[in-house]
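Okay, so chain A shows up in both of these, paired with chain B first and chain C after.
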Partner chain A sequence: MRLNVSLIIGAILTFCAISIAVVSTFWLPYNPNLPNIPNRLLAAGSAEHWLGTDVLGRDIISQLMVGARTSIVVGAGGATISLVLGAIMGLIAAASGKIVDETISRVADIMLSIPGMVTALVLAATLGSGALTTIFALTAFFTPSFTRVARSAALSVLQEDFITAAQLYGRGRMPRVARHVFPNIAGVLIVQFTLYFAAGILTEAGLSYLGVGVTRPGISWGLMLSEAQNQVGVSSPLAMWPGLSIVIVVLGLNLMGDGLRDVLDPKLSKSIL
Partner chain B sequence: MTGILELRGVSQAYRLGRRSPFVTASYLQVLSNVDFAVRTGQAVGLVGESGAGKTTMTRILTGLERPQTGQVLFDGKDLWEMNAVERLEFRRNLGVVMQNPRSSLDPRMPVGSSLLEPLRSLGIDCDHVARVNEVIEQVGMASSVLGRYPHEFSGGQLQRIAIARALMTRPIVLIADEPVSALDVSIQAQVLNLLMDLVTDLNLALMLVAHDLSVVAYATSRVSVLAAGEIVETGQPLELFSRPKSKATQDLVAAVLTMEAGLAGRGLD
Partner chain C sequence: MVTYLIRRLVFFFGALFAASVLIFILIRAAGGNVAAIVLGRHASANAIDALAAEYGLDRPLPVQYIDWIKGMLHGDLGRSFRTGESVADLVVSRLSISIPLALSGLILGLIIAIPAGVFAARNAGRPVGAFVGLLSQIGIAVPVFWAGILLSLLFGVYLGLLPTGGWVPWSVDPIQSIRSLVLPVISLGLILGAVMTRYVRSAILDVMNQDYVRTARACGMTESQALVQVGLRNASLPIVTVIGLQMAELIGGTVIIETVFSIPGLSRMILANVAAREVIVVQSTVMLIIVFVIFVNLMVDLLYSVLDPRTRLGQ
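Entry: the complex of A and B
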């Protein structure tokens, strides 16, 4: 029996990140926004602040915990909304006639041709920056991709003989899609979800770093990176902690996606777990 | 010629893609004025080379495609003029076995659920579990396999399960579209024997589609040869084998004989 190492490591890392985000909603070591000038720029390893403090003396661990919550809420929120919308649009495109399919596919193409950062900047300018705006921006980036993936996977399943068999024993078009097509593309979509969850965290960090994502009093890893960049020569670990957090969570999600790809394949599942 | 399921004067053509909007659309004639009948208690064969129109004819017979001209009659009623209740009755009375057993069962469903699908979809009121157990035994498999998934079976076993699914609604017509062409030679005879036994035991009307004349000759009592969309010859298998009249039948017979002669020449007969 072979264990899926990618899935196990990825799941552990993701679980840890989600757990930290959950804990941050009811407990934090310190107020992450409260300046404490006497304790500014403490190095990691101090008794009171294990990972040190920033230029205003704010506790790094507390900020990382709130940052984990922001990253996960924004990344998962954007990826989830995109998954739902994209799966519905992709399935409708694949199962409908040529006109509906062409319309949905061309709209997706147009949306994909618009640079994501431009969309995010326009949204930030019109709606104001913040976590919700970032989720809207991610939904705009990711939905066309999910639509394409769902459509092409569904088209492939619709060619299978078991779909024709279902038609022969009287299943209508949408019941065929719900009973046979969706379960057969769910694995692909779940894997895609984990990858876009990770991409969402990276994009959120990028937008916050540029100042069009989360801003104080909100905290995100991208914002922490942005604030730490002036201290790189003075206190380098300040930039390292949020950077390392992003790397660990994104790595965890990608490993989990790879592992799920194997586990969700019915032909391979027996030999993996 | 009357039968439980019939084609009368059926023609079908497909529009080909145009290279430019200024060119007149052209059509590919797939079936031309085809008459064909399947009778209760009888196994009939339809044989023809690839591209002869067998799949189109099967799709029209099963109601998946509407012919441009001609009629599809089930028990004397035109399939395309049936009301919803009659159409449901047609679906209950028709079982279809497809070419590729691996593709014909949903890989995400245990085979027991796949067998239940026709009963649920067509709203058949009976003891579903008992029916599944009865049919799986009818095709020579144990009911212990019902919880397993398609990838856990061999091609021959899957084709038996596909036949079981086709029988779930107690059909009176069974259409088998190249049911053994994707199977190992050693398994082909087992599946054909099973189909022949079912015709006798259940008094089914069987239509067996194949490109291999020896397969239909083995399992059916009457064979029609389809070539370029037309039925060019109909008769008993032995008669067709010994005195093929049309060029298409001669080619099909020659293909079988060439293979046999080749095997004999290599000492493999």
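Entry: the complex of A and C
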């Protein structure tokens, strides 16, 4: 069997990001929100602050570590809730009659045609900004996609002979779906989960950059970039680290999703590496 | 064909109705007492009631909803609470900035994505193809605002070639306006291009394995001829779909890039009004954007049925 390069690189990058986020829950080099004016704008490479400090003297590494946690909690949170809701809706749509199926499918279509960024702005306006609102917004625009994917995957599984066999054997409709359909679409859903996890991280960063996502004392890579931009020209490395972090984590998740798709569905080998 | 058209139109209006109800409920029901929020904590009850009465906010919500939709249909998008300006006027002046920005970004994205996607597909399995694919994967992972920040650092701060942000109105100095749009358009185009390259590549890969491309090759076309003359037309279907799907991405990207470069477009206006709790302005502007996106999706569906007669028959 050929080694799946995408999957390996992606899994390593993702594992590192998650480890950093976990470590940040019990250990940080410095308090990431504590200003230290005498040490402000230290360059990277100083003995105490490896990546330097920002305009208020706050340690960059500590902020990046908490940022990793924010990204992963918000991205995974949004993707997980959407996965669960979408799988349930999609399976119900596929297994029910035409009316239920049409209703669920059309509602999903309508929700998909509303631009996610705009929904997020409206939600931020009404619910206030914060990590929870961001997760809620992500759920609102990822769930319809999961519903669609789960529905079409379930429909093709329902055509299979073993489903008819289970029916003849006397299993009811819902037990059939739970026992036989769900395990067969789990692979597709896992791939989707990985890709939307990544999309969630990008969206969270964007919303926090705009000031309607995570705000201080919370820390997000998007928020750090927004603060850094006000200092551009003074200390441009500040604008490098959070951006690089986003790219590495999102790239890792996307590569992993691609690799998983190849492994779980070898017929459709389209991964780039 | 007629049934297909009717089905699409029914969905179009159904989607508009559902979206408008959703937006109205979200903003009005969750927003609390609008007049009190606008006037602030120290306003007297009389002043709040007066403002509510002036803008019709004291009427039942369904009546307000119907009034809002009626107004929208007649081109009346309401007025701002604070300045009294008509929302329609505000929107029109902002669109003269946002539309050129978004459209140029989309076109640049396509100019990058189509050749890059075809190239990556033709060289699939070879190192050069993988390299283009990897570049596109990296591009997808780059947040559009970071691309903007880096470009403004490079061309604005270090090289001093282009403005790092700000805006000169078209009527004052069009050359300067275009210069202000160069970096935002490049940021938007690069990221959209990276996303779309992936779709183009996989569309071409699908087409290349089809019998008709093999037949074209057997009839004496070179691989490039077969790909361009037979393959690209067939691959155009998924590509049109992608453009439709990218609308949401494009609008999201424009929202962010306008902030990066302090360009006073439509999305900056929405952001400012979200912060100021200008409910009517936000509600109407957001609805306009949704109308636009749903309309583009309708057009994509219709274009699809022109390009591929099969879609008219099958459901």
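Worth pointing out:
Rule of thumb we're sticking to: the second predicted complex is superposed on the first by the 263 of 273 C-alpha atoms of A that agree within 3 Å, B and C clash if a C-alpha of one lies under 4 Å from a C-alpha of the other, contacts with A are read in each partner's own complex, and residues count from 1 in each chain.
Definition applied: contacts are C-beta pairs under 8 Å (C-beta built on N, C-alpha and C of every residue); 3 or more make two chains touch, one makes a residue touch a chain.
This is a predicted model, so every value here is computed, not measured.
Per the definitions stated earlier, placing chain B and chain C onto a shared chain A by superposition produces no clash, and the two fit side by side.
Of the two partner chains placed by the overlay, only chain C lies in contact with A:A124; chain B stays clear of it.
In the superposition on chain A, A:I18 makes contact with neither chain B nor chain C.
In the superposition on chain A, contact of A:P183 is made with chain B only, not with chain C. Once the two complexes are laid over each other on the shared chain, residue contacts for A:G222 go to chain C alone; chain B is not touched.
The wider contact with chain A, measured as residues touched, comes from C rather than the other of chain B and chain C.
After overlaying the two complexes on the shared chain, residue contacts for A:A165 are found with chain B alone; chain C is out of touch. Taking every C-alpha of chain B against every C-alpha of chain C after the fit on chain A, the minimum distance is 7 Å.
Overlap of the chain B and chain C interfaces on chain A comprises residues 270. The residues of chain A lying in touch with chain C in their complex are 106-107, 109-110, 113-118, 121-127, 198, 202-203, 205-206, 209-210, 212, 222, 225, 228-229, 232-233, 236, 239, 242-243, 246-248, 250-251, 254-255, 258, 270, 272-273. Across the complex, chain A is touched by residues 11, 14-15, 18-19, 22-23, 26-27, 30-31, 120, 129-130, 133-134, 136-138, 140-146, 149-150, 152-153, 157, 164, 201-202, 205, 247-248, 251-252, 255-256, 259-260, 270-271, 274, 277, 282, 286, 289-290, 293-294, 297 of chain C. Chain B makes touch with chain A in their complex at residues 62-64, 88, 91, 94, 96, 98-100, 103-108, 114, 117-118, 121-122, 149, 151-152, 162, 165, 169.
Chain A meets chain B in the complex at residues 160-162, 164-171, 175, 179-180, 183-184, 266-267, 270.
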